[in-house]
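Two complexes come next, and they have one chain in common, chain A, joined by chain B in the first and chain C in the second.
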Partner chain A sequence: MKKLWVLASTAVAVMGLSLAQTSVKVGVILPLSTVGGKAALNGIQLAADEATAAGKVRFEIVSVDDGNAADKAVPALTKLLTVDKVDIVIGGLGSGPTLAMAGPVKQYKPLFLAIGAASSLVENAFTGYDDFFHFHPWDYHNVAAAMDFFKYLYGQGARKIAILYEDGPFGSAGMPTYRKLLQDAGYEVQAEPFKTNSGNFTAILTRFKSFQPDILYWIGYDWDALPIATQARQVGLKPKLIYGAPPAWPIGFDKNPNSNDVVGMSAWLPSVSNQESRNFVAAYKKKYGEVTEEYMAPMGYTIVKALTAAITAAGSAEKDKVAEALAKVKLNTPFGPLAFKPSDTGKTKYQGFDSSIWFQFQYLGGARRQVYPVQGAARPIRYPGSY
Partner chain B sequence: MILAGVLLLLALILPALPLGSWQAFALDTAQFAFLLSGLALSWDLLARTGQLSLAHGAFFGLGAYTAALTAPLIGTLPSLLAGAAVAAVGSFLLGLATLRLHGMYFAIATLAFSEVMRTFVLKAGFTGGSIGMIVAPPFDGRFPLGGYYLAVTVLGLCVLVSYLVSRSRFSYAMAAIRQGEPVARVLGVPVVRVKLLAFLLSSALAGLAGGVYGMKTLFLSPYDAFSLGRAVEALVIPIFGGLYTTTGPLVGGLLLVSLETWLRLRIGEGYLVVYGVLLILAILFLPRGLVGWLSRRRGGGHA
Partner chain C sequence: METILQTLINGLLAAGVYALVASGLALAVGVVGIVNFAHGEFLMLGAFVSYFLFAAQGLDPLIALGVAAIAVFVAGAISYYGLIRPVLAAPELNQMLLTFGLSIALQNLALLLFGADTRVVSPPYQGSTISLLGLSFGVVPFASFVLSVALLGGLYWFLGRTRLGFAVRAVAQNRLAPGLLGIETQRIYLIAFGLSAALAGIAGVMLSVMLYASPTIGFAYTLKAFAIIVMAGLGNLRGVIPAAIVLAMAEAFVSTYVPGGGGWVEAVFFLVIFVSLTYRSWRFR
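Showing the complex of A and B:
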């Protein structure tokens, strides 16, 4: 009899929980074969599980791979919207596939929560589409954050900057803007393109030697990081600072002695000390057995947290009500406070983060330490560094 | 050819088939499959002269960029023709310089051409450079199925040209050149002229497919439009389907795109491993392609 009572009360509790929960099916479209895409999906799933366990919102996540290509992304998104019939989509990591997705998004009108896609072209493509929430900063925010740091270094005596940029869209897209902004800030600039993953930078670095730069600034991919750091030493370039801007840093780079004193920019590190970041790191480690350094993981996590708050506030998973509630969400996140406002250009209505989430870190003693802005720094920057 | 006709008819009536909630997805997937199959058919036209081109990604890109840049000025259809024309001019210039080369040397020259074109578009200001450019939908988006039927038309045109060429005396000249240029010359075949004409036809069709592709993806970047991967796909599809035929690249393209899409949906991460293994098996055990294997089973008919 006692057993029966326990079973009955458990059943009632479960039924009550499921009745109180709002169920929502969310489509996720990401480049799942990339490190960033996988990290983002992990973060999304983690926050979805937390929401379900907390009894607030029961998420059903349907994920598809955008193949990081337009011709794969368009049918994949169409499937989410028409076959899986989701009204809410999280995705858009790369700018190219996101631009291609603008067509089906405008046709089927889902609530589209963009996790990446920093190119201003995306901002133009989604102008006038009111169910577009862009969480990641735009490219001009990224430039502003980096420029703020370079102005600080100018104050520390830096005058010459040598830029090594990969000749693809990632490296060369912002080059004319960067060059002009740096020159306006008083820097003498010398810039040269390179082919990413070529592994041989000695010719360019040797040419840079006669320029005697204070800063060696490279824009490329993770696989370029170590050859540049190593070969800059080999040719005796001796800059006062090596500053890298890859989308992700290579795994194990921190363990290599040549990484020491190298500086870069990130929106998040596991060492970020706010409460939400600490909670995220602990929960992520518990679920996946590791600590991630990919900022796309907390970005995915943040999006689902914001969505949970919006659905809870709306008391419904109905797309328009959720969008209305999401516009008013104010949330503390691993990146800091989140609230939506129109983008700086006014082209889109709901922009989440801006340049304030970016910070500069330096590889010091085998770990990344936040060094700028000075007020949030874990350690003072080593300038000049030893290379 | 009956099979090709049936497939084209199916393509025409696909939007009217009762596919339920899968319809939009099927149409999107089919549209990309048609364009890729069209590109493969165009590649096969040149391959019939024995030349292995790695420039078809570049012709595709030239067509895509030209159509995207000119569409706001002259409209959808003229811009697509302009794309085909620019691709043909590109191939003519490339052909004049390289068609006397053979085999691997020609392939390397076409590969270099692709790189030069990509770098040009990357550096040119009017193309949007490395940032890429937004492309308007066909007919300013007034017809929801406009892009789809453009893709069907491109595929139909590629099938028609491929079929007419294979039924003409031109195909004998191409086959003679493929089997041995010196012998073809002795037989009185104007080798360079035949190869140049095949190159022109082939590149114009590739450019046409590229133009429609850009209008579907609504965005072009040099790395996507001039992708070497696409040039390789254009080569793999006819090998899989059956070289020097019309049905081979058509069936190969439709099957491979469908297979890849299905694997991506069913397996997700790591689907390319399965896709790659299946391709290797097909090439190992179907040396004459799918169509060649079917013909042999039927008793050696022509595909």
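Showing the complex of A and C:
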């Protein structure tokens, strides 16, 4: 009889919990074959599991692969919206696929929570769409953070900067502005485009030799990282700093001796010491058995945390109510405090993070170490570096 | 003067790998008579063999060269036997569509199995440089160049000095007559196609050290290899090395001396294809 009573009580408790929980189906569209995409999905799933376990919101995550390509992203999103019938979508890591998704999003009108997609072209494309929440900083925030670092380096004696940029929209779009900003900061600038995926930089680097740059700054993709670091040595360029800004870094680059002293920008590393970051690292390690260095993992985690807070506040998974509550969410995250405000240009209504989350790291002894801003640095920057 | 010499060296070293990739393609075109759009994917397989042997066993890419050559030879032979052989008598358009499909399939298979991420191989000598008379170049590109020249020398020796090589050349000249002399044409095709893939696989190992391993690494090199074999004359193996040198030099000089020339690199290759084809059609009119 006692056993029956315990069983019945447990069943009632479980039923009560599930009734009290708000259930929501969320579509996730990411480049799932990339490190960043996989990390983002892990972060999303981790926060969803935590919300379900806490009895707040019961998430059903439906994920699709955008292949980091516009032609795959649009049908994948359409499937989420028409077959899976989700009202809330998390995604848009790459700017190109997100730009292509703007049309279907405006047609089907989901609540769209953008995890990446830093290009201002995306900001233009989503202008006037009020259910668009952009968590990641925009490209002008990225430029502001990098410029802050370059001004610091100017103070350290750097005067000449050679820029190697890929000739696609990612590398070329902001180049005239960048050049002007650097010149205004006192730098002498020589900028050269390269064909993306060409892998051969020796000719351009040879040309840079006569310019004798203090900083070699490359704007390209992960596959350019090692060839540039290696070929700069091979032609004897010897800059004082190699600085890169790819969306991701190649697997194994940190353990490659040629990565030593290379500097890059990130929004998060596991060594970030705020409480939310420490909690995230511990929970991630417990669930996946490893620690990630990809900032897309805590970004995905943060989005679902914010969504959980909004659904809890709204007391409903109804899209409009969730959007209204999300606009008011204030949250401590692994990146620091999150609150939404209109974007700097005023084109979109809900912008999450800005340039303040970015910091500079340096590959030192096989690991990424935060080196700038100086007050949060784990190590002093090695300038001049040894290349 | 120093810049000119450095540019010459840069171009010459790049030509080695280009020639190795293009020789394999020239072999497939010249002997088997098939325009293989999947050639770059065999290169990609070689790059991944190198990466996984290094990541799992710490095996030096120099040793991985042999393993990759055998593995990719087998992959090429299987592709020939299962896919190419049945369409040898089909119209050329069908053959091209088939190899194009094979290229897409292999690339997507690699994406599924390995993901889209870029992976790097890190042998200790990767960043080593040689400095000579004020000029500087990498040990790895130099070693790749020497190895490419040695391999191509070996290939020419094989084709010009061995019975099997004679048989390959005979089949390349006439598909039917060698059969009447007791040469097994299908076996020769199989060896030639496997050898073609193996050369690409070896180039893939070199590129895994010089650049990276990723599912899409082969595409750019397929385009360059096509430009080279068009310039050399389709199937003309002896013309491959001079054509590779001319193209690599053109690429290096345009990148170095034309402002913003880095963005024009692929245009150089396509310009060469355009000029070569136009010149030939005009010359043989």
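Convention: the second predicted complex is superposed on the first by the 383 of 387 C-alpha atoms of A that agree within 3 Å, B and C clash if a C-alpha of one lies under 4 Å from a C-alpha of the other, contacts with A are read in each partner's own complex, and residues count from 1 in each chain.
The criterion applied here is as follows: a residue touches a chain if its C-beta (ideal position, glycine included) is under 8 Å from a C-beta of that chain, and two chains touch if they have at least 3 such contacts.
Just so it is clear, the model here is predicted, and its values are computed rather than measured.
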Quick check on the superposed pair: does A:L121 touch chain B, chain C, both, or neither? Answer first, second, both or neither.
first
With the two structures laid over each other on chain A, which partner does A:A100 touch: chain B (first), chain C (second), both, or neither?
first
If we overlay the two complexes on their shared chain A, which of chain B and chain C does A:V64 touch? Say first, second, both or neither.
first
Partner chain in contact with A:K72 - chain B first, chain C second, else both or neither
first
Have a look at where A:D167 lands relative to chain B and chain C in the superposition and call it first, second, both or neither.
both
Partner chain in contact with A:A53 - chain B first, chain C second, else both or neither
neither
Once the structures are superposed on A, label A:V83 by its partner contacts, choosing first (chain B), second (chain C), both or neither.
first
Where does A:P257 make contact in the superposed view: on chain B (first), on chain C (second), on both, or on neither?
second
Contacts of chain A common to chain B and chain C in the A-superposed view 33, 38, 167
Residues of chain A defined as touching chain C within the complex:
31, 33-35, 38, 68, 164, 167, 192-195, 197-204, 206-207, 209-210, 221-223, 225-227, 229-231, 233-236, 248, 250-253, 255-258
Enumerate the contact residues on chain C facing chain A in the complex.
3, 6-7, 10-11, 13-14, 55, 111-112, 115-122, 124, 126-127, 129, 131, 136-138, 140-141, 207, 210-212, 214, 216-217, 219-220, 251-256, 260-266
Where on chain B does chain A make contact in their complex?
21-25, 28-29, 32, 119, 122, 129-132, 134, 137, 144, 213, 216-219, 221-224, 261, 264-265, 268-272
Provide the residue numbers of chain A that touch chain B in the complex, in ascending order.
32-33, 38, 63-65, 67, 69-72, 74-76, 78-79, 81-83, 85, 95-96, 99-100, 102-104, 107, 119, 121, 124-125, 167-173
